[in-house]
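The same chain A turns up in both complexes below, where it pairs with chain B and then with chain C.
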Partner chain A sequence: MENFIKIAKDFSATPGARYRNDGRFSGEEFYETILQKKFESALKNKLNLTIDLDGTYGFATSFLNEAFNRLAIDFGADTVWKNITIISSEEPYLIEEIKEYIYDAQATH
Partner chain B sequence: MRTWKNKQKRRQYQTHVRELKSTRRRKLWIKTKRQKLEGKSLKQREFYEAKRYAEHINAPDEFSINRNPNEAFKFIASLKGYKNRSNVKAVFISLRKCTYISNGAIALMISAIKELKAVGIKVSGSYPLDKAARSKLEKSGFFNFVIGYVSEENEITLNTIIQQGVDVVDSAAVAPLVLKAMNVVWGQPFRNQRLQSLLIELMANTVNHAFTSNKRSNWYLSISSDQSQKKVSFTFIDNGLGINRTLNVKFVEKIKYLFLTSEEQILKAAFDGKFGSRTKERKRGRGLPNVKKCFTENYISNLVVIANNVKFDFKSDTTQCLQYEFEGTCYYWELDLNCVSWKIL
Partner chain C sequence: MMLKLHIKWRDGFFLSIGAICATVANNWSFFTFDKNISVTDLFTAAIGGYIGLYVGSKLTSKVSSDRVEKDIIIAEINATRGFIARVHTFIDSNNLSLSDAVSLFKTASQSLSLAKEMVQICNNNKNLISEITTVLGKVRDLNRVVTRISPINGILNIPETNIIQLLTLTRSLNKSLFNLIILVNRDID
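Moving on, here comes the complex of A and B:
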């Protein structure tokens, strides 16, 4: 689906850390190869982008921080938060954390 | 006059005999040594040579980070100290008297051995005489890093030590280990997102913060399983600068924390998220608080952190100042049936 990302399937079941330099499957890589493009396309088509976090082996805070912080910097925190839906039934606290990362980008920039 | 001359002659004769004896003894010694080495492999010959000229160091009788931290870190500090001595070309580690050896201590020893090898120092050693200690050493995965004999019964083991270098966070490498650990504790290879997340945080901390720009980062993860007690112990080691030397402590905080309080309290404060990341970006520096969160939310148990000269036991919420500084950070924790169960396949 155009407006759906399942990280475990579309990116990696073992997401890594923040930057590409840190190792494979970083937050930076996820943002640049998948998230940015899919969000841009969803915005264009006036669709809501659903991101499914379930099914992975686990996320580092730095991975999520890098991906969603950059998304908010590029598109604006409100635009991002209004146009994404996050599924995280295995680790529900991650949704609140991601919201923090998004609005923190607004506070810093 | 004659007596004096006789005495002198006698003395000369005695010296001559002594020299002859000594030469004979030396020749005999070389002969026996040659005979001893006959039929031995090149590796064994090299071992004997290395042992002869090496600096000898004894491991503590109870070699454990948890049970005997002072002695364990004293030994590691002495071992690492050889790399700063230009005249030392080989080191021989004697484990003969070890009656107890923990997997964490073994991983620590490997990290020190690697450092010595990196500067060209040859390292060899002896097995513990104690059967249980020897068996633990053989089962630990130690011999994946150094050459040595592993008995057939100890070849198959669930214990492992992995080392990753250089400068890499390898989440894919640790994922199967988490599954194995869950299998030991819960009987099925469930995923455990918190444990995986914890391991990535530690690897990321090592790569991003633990080392100066001119020193490359390495980390070691040792996992040992106790199937009868359904318990898995983890030890994560980095040989970086240690948490206390890498914190982004602001000037005002420095005055507050460095002059008014101790190193122990600084380490505690770091896990409470009181200091930012060394990268100085907002909302960073969450790695250490996340490690603590894993423990407080009972995803892991018995967390102990040793950084520089401080040992922080999270279970008893106590810190202990060690006599010998450890260059780096060492995390120890356990996964057992009392931890929050994750039953997602």
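Moving on, here comes the complex of A and C:
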């Protein structure tokens, strides 16, 4: 599906840290290879992008912070938050954390 | 057939006590013994006995199911303690990999969330739920501090000065989890 990302399947079941030089499957890599393009495409097609976080071994704060902070810097916090849906039944609190990272970007930039 | 009786001194003692009690009761005017039993009395005794047995069995069953529920909740909290203890050991030896950290924190949070759900289902004790929520917040805070650190070759590069601080946090979290177990066991209201 064009407007759907399941991180465990489309990227990795073991997401890594923040930057590419921190190791494999970083937040930076996820943003640049998947998230940015999918979000751009969803916006263009006036669709909501759904991101499913379930099925991984867990997320580092640095991974989520890098990916969603950069998304908000590039597209604007409100635009991002209005146009994404996060699925996280295994760790529901991650949805609030991601919202925080998105709006942190607005506050710091 | 020969019937062998083994009478010990204890049996003799209790028989004597029984005989004395019967004699005293028979001669004491306070008690009057009537050989006729009315149907009403018999009925009252039967109903009384039945109610006694029913209440007794219900109470035993309630106490037993409460104990089982508490044991399951405590097992989940203990599992969380185990995960946090592993994080503590890894930090102590400055050998915590990012993959271990994220996975341990995820499972720790899930176990504690499960304990919270069980309390909600079993007795919905508001104070206990609030305590578990607070401790769950501490697990997430620690997760956010630890997994924000950059790894080198997969191992989190924790500065020496931060190790003591993180160990203090894991100890404090362990204490909070232990206190939770006590609260569950006492089932505070």
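Some notes on this structure:
We take it that the second predicted complex is superposed on the first by the 109 of 109 C-alpha atoms of A that agree within 3 Å, B and C clash if a C-alpha of one lies under 4 Å from a C-alpha of the other, contacts with A are read in each partner's own complex, and residues count from 1 in each chain.
Note that in this section a residue touches a chain if its C-beta (ideal position, glycine included) is under 8 Å from a C-beta of that chain, and two chains touch if they have at least 3 such contacts.
Predicted, not measured: the structure shown is a model, and the values here were computed from it.
Between chain B and chain C, B touches the greater number of residues of chain A. In the superposition on chain A, A:101 makes contact with chain B only, not with chain C. When the shared chain is aligned, chain B and chain C each come close enough to touch A:22.
Within the superposed three-chain model, A:91 lies in touch with chain B and with chain C [touch as defined at top]. Once the two complexes are laid over each other on the shared chain, residue contacts for A:30 go to neither chain B nor chain C.
In the superposed model, A:14 lies in contact with both chain B and chain C. By the touch criterion stated above, A:61 is placed in contact with chain B and with chain C alike. Residue contacts after overlaying the shared chain place A:39 against neither chain B nor chain C. In the superposition on chain A, the residues of chain A touched by chain B in one structure and by chain C in the other are 14-18, 22-23, 57-62, 65, 90-91. Chain A meets chain C in the complex at residues 14-19, 22-23, 57-62, 65, 90-91, 93, 97.
Chain A makes touch with chain B in their complex at residues 12-18, 21-26, 56-63, 65, 69, 90-91, 100-101, 104, 107-108. Looking at the complex, you find that chain B touches chain A at residues 167-172, 175, 178, 191-197, 200-201, 203-204, 207-208, 282-284, 286-287, 290, 344. Those residues of chain C lying in contact with chain A across their complex are 98-99, 101-103, 105-106, 109-110, 140, 143-144, 147-151, 153-154.
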